[in-house]
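Multiple structures are listed underneath, in structure tokens.
Heads up, the next two complexes both have chain A, just with different partners, chain B and then chain C.
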Partner chain A sequence: MRVVYSVHGKILHVDLSSNKVWIEKYGDDLLSRYAGSRGIEAKLYWDLVPPDAHPFSEKNVFFVGSGTFTATPMPSSGRTTVAFKSPATGMYFKASVGGSFGLKLKHNGYDLIVVRGKAEKPVYIYVENDYVDILPAERYWGLDVRTTHIELLRKHGYESETLLIGPAGEKLVKFASVNCSVYNVAARGGGGAVLGSKLVKGIVVGKGERSIALYNPKRFLELAMKAVYNIMNDEALIATAKFGTASATMGLDKTSTLPVYNFRKSYWEHAYRNAGEYYVEAGYLVGRVGCAQCIVSCHRHTKTAKYGGVDTVGPEYETSNALGGNLGNPDTDALIKMNDLANIYGMDTISLGGVLGWFLETYEKGYLKNVAEELGTEPTWGNVEALLRLIEKIARREGVGDLLAEGTAVACEKVDPETCKWALQARGLEHSRVETRIARAYALAFALNPRGPDHLHTETFAEFGFSEAAKKLIKRLTGSEENAGVGKDTGRPEIVVWHEDIYAVTDSLGLCAFIDTAGYAVDEFMLAELFEAATGIEMSAEKLMRCGERIVTLERIIQVREGRTRKDDTLPWRILNEPITTREGVTYKLSKEWFDVMLNKYFTLRKWDTKTGVPLPEKLRELGLDFTVQEALKHLSA
Partner chain B sequence: MFSVSTVGIKISPELCTGCELCELVCSTYHFGKSSIRLSRVIVFKDHAGAKFTPMLCISCPGMPCVRACPTGALVVDEVTKRPRVIVEKCTSCGDCAKACPYNAIRFENYVLAYPLICDLCGGDPQCVKVCWPRALVTTSDLREVYTSAAKAKGLIEEIARKYRG
Partner chain C sequence: MPQALLTILSERLVRLLKCRESKSEVPVESGEYMVEDLLLIALGSVCESRSIPENSDKETFIAVNGRVYYDKKERVKVDGDVRITLFEVGAGG
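== the complex of A and B ==
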């Protein structure tokens, strides 16, 4: 083990059951193989979380780690990765989050925190340099995220930073989120419920006095400055900076890839009400908000005087669509209010939109008719009053909210298995807001994603070929620019493999995926140079992408150990069985045959077994994942 | 490059997104180490209210920090006309930071034994270079520098009130 730079080489373990705290040290052994947070967390997960652990048991472990470039002058690299066994999917789950938590964690001298065991009563973890404590949190239990953040900063100083759960996490809502710096959310998979089950309100890091040493600071700063320049000149990032992530809405509407009304339509006459351009034009935008180190600052500070007055951050594209068009809701003021409620109660807006979309359709089709009485109004498409009440009820698990808090997969089975046909979920996770019947690389990526049908694991935005840079990338990956475009279905496995690998690296370094997979300000060659200048570990683009492959493969074998098979590599029923028609009248349908061909090709590229989806032993050995070979053999022979 | 004696940095709190890249670039440029605690530009943040502002020495008239220094460790630089620390003379008392009406002096003696005051990087301020939101821009209109800093000062006081325990 050699000492490395840019990270502290320190993992803080906090065991709530035994009330013990200790530090584990690491160096180039882990960093050169796993690149940073996400990779290291996957390795620790393999070591620490037994396959039979219930997500809410004390055997589950919650990991939080800052990226390798976090707290360095590299722009847009302040992201933190959390990992845990998800109560929604019952399997390994990772989520990346912005905000300043990772930055402050590193200022306190740690790269990762591992939260193990279970507390007896509500607590929060306080970390300030060498001082680590488990403190009582009874007085914060039940408080929303915003209030808790302010209270805790009043206590520990305003330069502290928080990672918190809201009331939804405490109530074990299956899609409860983990919020950093209040409005930055590790939303998906129910990480908030995992912390809630451990009776942990959150983690507070003090202002911190440790600085981050760089191997070659001069070279690193040079490269960082180049990245700054590239970001400022990237077409996609300029739009994102100006109009936020919701700047995507109109492009998707135009190409009929904007899923609305629970994925029954792919374009919408009111799409502009969910567009970033509209938020600016109609005066909702107060200012921009940046995650740590991010000059793009795509978050929106928004305000409305309606609905009792709201002053908040968001909504993002996914939220705008999930709680807007998806529910037939063109009321932007209500959308801002709903986004704020989800934020402060600590809930994932994508899953929230998914479960509400399922509920509205279920009600429309004649089920759960008594809910109208409970809500005092008919839960119909776009009925904002009903929707706002439902969000409150879900967060508190009251009445029908208790059913919906279980997530779409469980709720539909409880009501009537027939309703699962319009439950837009696979493997327990609600589908992200992109039309996968048309966007075929997304379709393949969503089916393979260890999280579920979700975009924040493999962002294959390039497949649309919206920009010259995207077209160039598709040519590099598949050999032809012809493969870029809306509705194209060739070369998808190659596109997915590269995007999975670079995304794993991106997360591990703390970089935002917008910088290298939606905008193209940096590529793997530049990242390798940066990695070398930062850490002192010799690195090439090939070696770095190899780290990505290693992480993706390790995550797969982790899930194989937890019971995943090729059968799970699938998409929601509606996506696979119902066609979608564009505005121009073109109909798209995913055929099972196409899907199987693509999966086979993907498994062949990965050197994973085509029959079972288990990584082959020779691949595992090649990647230095020898410790997983035994497990692979068990499932290959089964 | 410009002459630091005639130009300053204008602060626009309404444009600051709280990303703190300026701080990390500042510290790496000056110390070869990355830390917001080693930065001469200070970002004040209210995440709950989504309000942020950077602050740095604007070399204000009268220079109360220089007058407050009991040991003569803080002087007005002859070339730049900005406060400069003579490290050997500094006793880490912190009076200069207390005297600064703008909260623009970083003095945290557990990290560094002397105060950090913006030197405009000798005429090529790195923070301005990376601030794409343009919350920090160079200007030759010194009145603009003072009025913008007064606005930032107001926000800093507001944030302090909000989070006072």
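== the complex of A and C ==
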């Protein structure tokens, strides 16, 4: 182990059960193998979380880390990663979040924090340089995220930063989120509930006085400035800056890949009400908000005078669709209110939209009829009065909210297994907002994703071919630009593999995935040069992508150890069994046979066993994951 | 008389259509119009070119009063001010 550059080489361990705090040092061995936070967290997860650990037990561990490029001059490098065993999926789960928590963490001299054990009373963790403490949080327990954030900043200084849970996390809502700087959300998988189960309201990092050293600052700065230039000239990122992530809405509507009414339709006459351009045109947008070190600033500062007045951040594309068209809701003012409620209560808007969509359809089909009385109104499509009440009830686990707080997979089984046919979930996680029966790279990626059917692991946005850069990437990955476009099957496994690998690297470096998987301002060649200049570790594009492959493979074998099999590589019942028809009248259907072909090809590319989906021992050894070989052999022979 | 309130959200379209401004207001009589006719009236007040070139047509969206119309032959009723917005396909993630 030698001196590391670009990171501190320090992991802060906080054990809530023993009230102990200690620092673990690491060096370039770990950094060169895993590139940074996400990969290191996966390795620590392998070491620390036993496969039988219940997500709400003290055996579960919550990891939070800053990226290798965070606190450097690299643009879009302020991302923070988290990892934990998910109460929604029962397996390893990772997420990446914006804001400035990761930057502040690094300013305080740490790359990662590992939260272990369980507190006896509500607490929060306070970190300022060498001072680390576990402080009482009873007075904040029950408060919403925004109020808690303001109170803690008032106490610890306005240059501090927070990572918090809301009332939903405290109530162990299965899709409770972890919020950084209030509006930047590690939303999926129920990380908020994991912290809630540990009685941790959050982590506060102080102003911090530590800086990091770069190995070759001059070269790094040259490359970072090139990245700035590329970002400012990337057409997708320009659109994202102007109109936010919800600028994707109309492109998806036009290609009939915009899921609405709980995935019963894939286009909508009111889609524009959920579009970033509409937020500008209709005057909802009052400003743009950026994460630390970001020059795109895709977050929206929005306001509405309706619904008691809302001044908030968002909604993003996924939220706009999940709580908009998905619920038949064209009321943009209500959408902004619903997004704000989800943020301050600390809930994932995609899963929230998923469970509400399931509930509306379930009610429509004659189940749970007594809920109308409970709500004081009929829970029908687009009835925002009912929807707003339901959100409050879920966050507090009141009445029907207690059922819905369990997530779609559990709720449908409890009501009637028949209703699981329209529960848009797989592996316990609600499906992200793209029509996977038509966008086929997304279909394969969602089926394989360790999180569940979700976009933030393998954003194969290039598949749409919306920009020239996207078409060029598809040509590079599949041999032809003709493979760009929806409804196509050729080259999908190759598209997925590349995106998985670069996404893993991007997360680990602390970068926003928009700059290489939605926009195309940087690629693996530039990232490798940056990595070498930052850390002094020799790196090539091939070696860096190998880091990505190592992370993806380690995450797979972690889940194999937790019980994942090839049977789990699937999508929701509706996606697999019901066709979808486009605006032009073309019908698409996925089938088990289609999946078998795609999965076999993917497993072959990965050198994973086609029968079981378990990474083969020779591949594990090749990647230096020898410590996982015994586990693989166990599942291969079984 | 109602006003047609045009907003062009794409700078590229402003250049392509040779518009003096990205926003304009022009009076329009009440009645029923095809979307393409409304667009013609609105663009006529501020742009040299009055129709979207065919090679850009696929990526361009026209919203009238908060609803996007893919078929420019569709008819819309004008009985008050009408908001017309032009924009291009966004590629936000």
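List of remarks:
In this section, the second predicted complex is superposed on the first by the 638 of 638 C-alpha atoms of A that agree within 3 Å, B and C clash if a C-alpha of one lies under 4 Å from a C-alpha of the other, contacts with A are read in each partner's own complex, and residues count from 1 in each chain.
One rule holds in what follows: contacts are C-beta pairs under 8 Å (C-beta built on N, C-alpha and C of every residue); 3 or more make two chains touch, one makes a residue touch a chain.
From a predicted model like this one, the values you see are computed outputs, not experimental measurements.
After superposition onto chain A, the modelled positions of chain B and chain C are compatible, with room for both. Residue contacts after overlaying the shared chain place A:497 against neither chain B nor chain C.
In the superposed pair of complexes, A:277 makes contact with chain C only, with no contact to chain B.
Using the contact criterion defined above for the overlaid structures, shared-chain residue A:149 touches chain B, although it does not reach chain C.
Applying the stated contact rule after C-alpha superposition, one finds that A:235 touches chain C and leaves chain B untouched. Applying the stated contact rule after C-alpha superposition, one finds that A:176 touches neither chain B nor chain C.
By the touch criterion defined above, A:254 lies against chain C but remains apart from chain B after alignment on the C-alpha atoms of chain A.
When the two complexes are overlaid on their common chain A, residue A:334 makes contact with neither chain B nor chain C.
Put chain B and chain C next to each other and count what each touches on chain A; the higher total goes to B. Once the two complexes are laid over each other on the shared chain, residue contacts for A:467 go to chain C alone; chain B is not touched. For the three-chain overlay built from the shared chain A, the minimum Cα spacing from chain B to chain C equals 16 Å. Looking at chain A, you'll find no residue that touches chain B in one structure and chain C in the other. Interface residues of chain C, counted against chain A in their complex, comprise 7, 9, 61, 63, 66-68, 70, 83, 85, 87-93. Across the interface of their complex, chain A is touched by residues 14-15, 17-21, 24-25, 27-29, 31-38, 45-52, 108, 110-111, 129-133, 159-160, 162-165 of chain B. For chain A in complex with chain C, the touching residues are 235-236, 239-240, 242-251, 253-254, 269-273, 275-278, 280-282, 298, 317, 459, 461, 464, 466-467, 470, 513-514, 517-519, 583. On the side of chain A, the complex with chain B involves touching residues 71-73, 75, 78, 99-100, 103, 107, 146, 149-150, 153-155, 157-158, 181-183, 207-214, 217-218, 220-221, 224-225, 228, 231-232, 241, 286-297, 299, 301, 311-313.
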